[in-house]
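In the two complexes below, chain A is the common chain; its partner is chain B in one and chain C in the other.
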Partner chain A sequence: MSAAAPGSVPGAVAPRLAFGERLRPFRAAFESRFSSMLQYRSAALAGFATQCWWGGIKVMILAAFFRGGDAAAPLSLADAVTYIWLTQALFALLPWLADSEVALNVRTGAIVYDRLRPVDAYALLFARGLGWLVARTLPRAALLVSVAALGLPLLGAQRWALGAPHGAAGGVCFAVSLGLAALLSTAVLMLSSAAVIALGTDRGVVALVPSIVLVFSGNLLPLSLFPDSLAALLLLQPFAGLLDIPLRLYTGQVSGAPAVAVLGLQLAWLVLLVALGRRAVARALERLEVHGG
Partner chain B sequence: MAHVVVRDLVKTYRVSERDPGLIGAVRGLLSRRYREVRALDGVSFELARGELLGLIGPNGAGKSTTIKILSGILRPTAGVVTVGDIVPYAERTRHVARLGVVFGQRTQLWWDLPVLDGFELLREIYRVDRARFTRNLDELTAVLRIEGILHQPVRLLSLGQRMRAEIAAAMLHEPELLFLDEPSIGLDAPSKLALRDVVKRLNRERGVTVLLTTHDMQDIEALAERVIVIGHGRVLLDSPFLALRDTVLRERRLVIDFAEAAPALELEGVTAVARDGASLVLTFDPARTSAASLIARVSAEHSVLDLRVERPAIEEVISHFYDLHGAVEA
Partner chain C sequence: MLFLKYVVASLRSQAQYPGSAALLMLGNFLGTGVEIVALLALFHRFGDVRGWRLGEVALFYGLVNVQFALAELLSRGFDVLGTELIRTGSFDRLLLRPRSLLLQLCAYEVRLSRLGRMTQAALVLWLCIDSAAVRWSAANVLFFLWAVAGGVALFVGLLVLQGTLAIFTVESLELMNVLTYGGVQAAQFPLSIYHGGLRRFLTFVVPLGLITYYPALTLLGKRDPLGAPEWIGLASPACGFLFLGLALLVWRWGVGRYVSTGS
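So, the complex of A and B:
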């Protein structure tokens, strides 16, 4: 290790770096967060148990509604059951919490180091946020899907099981939409991270965000089951892309040309929220006048 | 050209204030009152390549604000700052690529990750190639004696272990400039000594420019050849360390243990500051009274068991200096 010659810039970003090379720091940030989150097995098991329990209750409530309601429901009982199991499987993908690492770093002041790295600060936080959400979701989703799609039919409860996607096209659309949902979810998470950095605590986010996200994403109730005029509006707001749009594609409530439209809608919200988040995070980090010392 | 140039740096913050008590709290909800605080009020200095500078001052003097502006985290309100021809806040990414920073009270390593995984992530972030990384890691691991903790998660490390890992983390990408902001805070004696040893080596052997802030005057005494004292956001003194000691407090102390009860000595230019049983403490100015002649006179007239000449402790030097300049916050 020799002292760098004056004027040389050892770690600086060379102007023409291949795209893959440019992504490497962010991929590494994603992977390290992902792998460190996977070690929390008991948290995953507890989350899985909770989601099974709530899933069962939600299925029963919805079944009661379907028995009592008129026949012209926008989705069948079987689709509604599938929808509910998927909301439970994907619960951890929703950005209803503040990023635990950002909250910790704000509390300890370590957040200043995010301004001391020779890479884009937003992209670095985004990569780590995405790793966190995906790693939290995967084990819970795998367990829940195996119980709801394979376990329940084996027990003879075929009617209450998680059904297959609506054809191959539905499956592909769902997969694409789920990928967009993960990115969109991270973009929302970055907005709450900006708030956590600006406020110096995650308490505001924890108090406000869950109710918004859980209602407007369709986690509480499929958005198509809201009154018609409201349902149309609810589909257009950004949180629909977190859960409701992927699940509509899975169950085939939306297919064909409208499927492309809703994917476009997800993408548009993603672009907009990332742009907003970049400004919010940059502003919050710049104003972060760490006092003392 | 100097490595670091700081000229007439000013940084003001706006802090909200409210009257005490419930009424003050309610009024604060309706309208906020702001007060301007000048954290830096015209700081100027230069730092040559390969220099090791100690930046000291009481709490709230502006040390950390200076480091944050030099790191590119904060934008100064006014003034000029360049580091190796770069304006830190304007070209943040390029600037921080060749900078290593250790904040003693915060960690830059990822809490849940083993130390080595954190280093690997830093390798990717700073785009250090594998061969260079391995070479640097081997060397830093040996010097800092951290091979035993590389596979432990950061949250399980002791403070001393963590701080050594922090220094390694800051040096993996071979920065030419190292900022250490209170690195020895809370460390035990062996860790402090190891820290000083490493900083000295990085500076002497690799020519890394080091800016160190600390409240531990032994750190300064052991490391810094030049010291800047700041208080109230101004540079109070910029001088070689030895000169600081000599200008501020020239006095020496003579501690005498007598065979009998300590006598009341009346000598010109000498003050008795403490007398307790058989021991007596005198202070004198070595420029006016030589230690040798004082000792000769005392031992000629009295039966002396033991004698010690002491320099004032560096802590006293500094507190005395802060007092002289009214540098301590009200």
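So, the complex of A and C:
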């Protein structure tokens, strides 16, 4: 690790390490955050109940609209229902707010300890953020998918159940795309974190980010249901890669060669946002003033 | 009046951080207002939903959001009872003061940011007035106020129940959000588009449907597609007050069993 890397201690002599060895601190940061977040069982259960209710209401509203004019829709009602349930299952994967730990660390001054660690600051925050998002998502998603995919058909509500992915290829593309979505989500989280560090409070992020994520990720409404004149624009913007692109692959709205193209789009946004985030975090940390502690 | 003094005190404390208050209000405005984006997009693509036009659905949306925004302003104390008052022991202090407990809780931290939801709901109601779905005669305006009052009473009742639960669980139950925020979500659309089970739940268990659906029908001058008689619209806001009364009875019972956390 060179002394010029953001977050490293100037002048520290770093021995040359094997690649796996160099990743170790980040893996440890991910794992510790992951396992501590898994402890919040009642929060996960409450989240699950809320997502079930929300999903149910949304499914009924969409069904009412679809009956009015099925031909007007670019996807079938069954696909739309599947889309809604997956949206609810993956709710906690979206970068709604900045990582709460970052704001706390800035306020208490504990962020100084992170600055002193001889590791890349961005990568450390990234590993923790990813652990936070994934650990919050997994239990909720598992519960919701089992209810929506297995429970509903058992109750005789086959029509309202979460359907299977669009063929094996669709499933594989979805899995790859979901992985990219988790990384992309963490990259957005890091931009929010940079803003929190620079401003010293998470108020501004809390005010603006959730609404943007809600609309442009497809969580509010499948992006393809917005007016057709906006379709290209909505697919190309970075937030589509958080949720809408994986779900389009799952439901088969995009398949074949275009599937590879949208995966490339996700990857391109990921690279760009990580590059932006690295600069933003480095700048914010450089200017950080800690008031006692 | 003591209530006003409490309100002024909490407003002044928020005015100490004007930037923060403005941002929170903007966040509340945007966060609650994006729902209308989905509504517009769906109507744009599909046209009317089971015979309901956009201007009509906008009335449901605006009505329930105004009701909930006012209720949120008035009952913050019940909302955060578990986390901010019981766990910290501050609730004991409220109980010791020789003033009404309900008054102290209702006036606890009246937050400006909640006006964000209010503003966007008012804008949507404007849209609804523009579409001429409702004739705003004097009688209709009076009835609108009666309907808003009934809805506020119902939502305050729900938050009081949430507070009562917190007395026993010592935390603010996220689960109640299903009924409050989730209830708002459900009541933004006419009850008649939902399936039977949910419709019955929203009518008889938590009468959210009663306090928006039937009053809105009366305002629109529409007959109920489900075949309810017309007088129900005029009387239904009273259900909100009935619910609030029951909730307050449960609350009194709960406070009687309150055991301090001792911290």
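Criterion: the second predicted complex is superposed on the first by the 272 of 293 C-alpha atoms of A that agree within 3 Å, B and C clash if a C-alpha of one lies under 4 Å from a C-alpha of the other, contacts with A are read in each partner's own complex, and residues count from 1 in each chain.
Methods note: a residue touches a chain if its C-beta (ideal position, glycine included) is under 8 Å from a C-beta of that chain, and two chains touch if they have at least 3 such contacts.
Here the structure is a predicted model, which is why all the values come from computation and not from measurement.
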Partner chain in contact with A:66 - chain B first, chain C second, else both or neither: second
Touching partner for A:199 - first (chain B), second (chain C), both, neither: neither
First (chain B), second (chain C), both or neither touched by A:220: second
Which of chain B and chain C A:117 touches, first, second, both or neither: first
Partner chain in contact with A:164 - chain B first, chain C second, else both or neither: neither
Chain C residues touching chain A - in the complex, by the definition given at the top: 20, 23-24, 26-27, 30-31, 33-35, 37-38, 41-42, 44-50, 173-175, 177-178, 182, 185-186, 189, 193-195, 198
Sites on chain B touched by chain A in the complex: 13, 49-50, 59-60, 63-64, 68, 71-75, 84-85, 92-94, 96-99, 101, 103, 105-108, 110-113, 117-118, 120-121, 124-128, 135-136, 139-140, 171, 173-176, 181-182, 206-208
Complex contact set, residues of chain A against chain B: 1-4, 6-7, 9-13, 21, 24-25, 27-29, 32, 36-37, 39, 101, 104, 108-110, 112-113, 115-120, 124, 286, 288-290, 292-293
Touch list for chain A against partner chain C, complex: 43, 46-47, 49-50, 53-54, 56-57, 60-62, 64-69, 72-73, 201, 203-204, 206-208, 210-211, 214-215, 220-221, 225-227
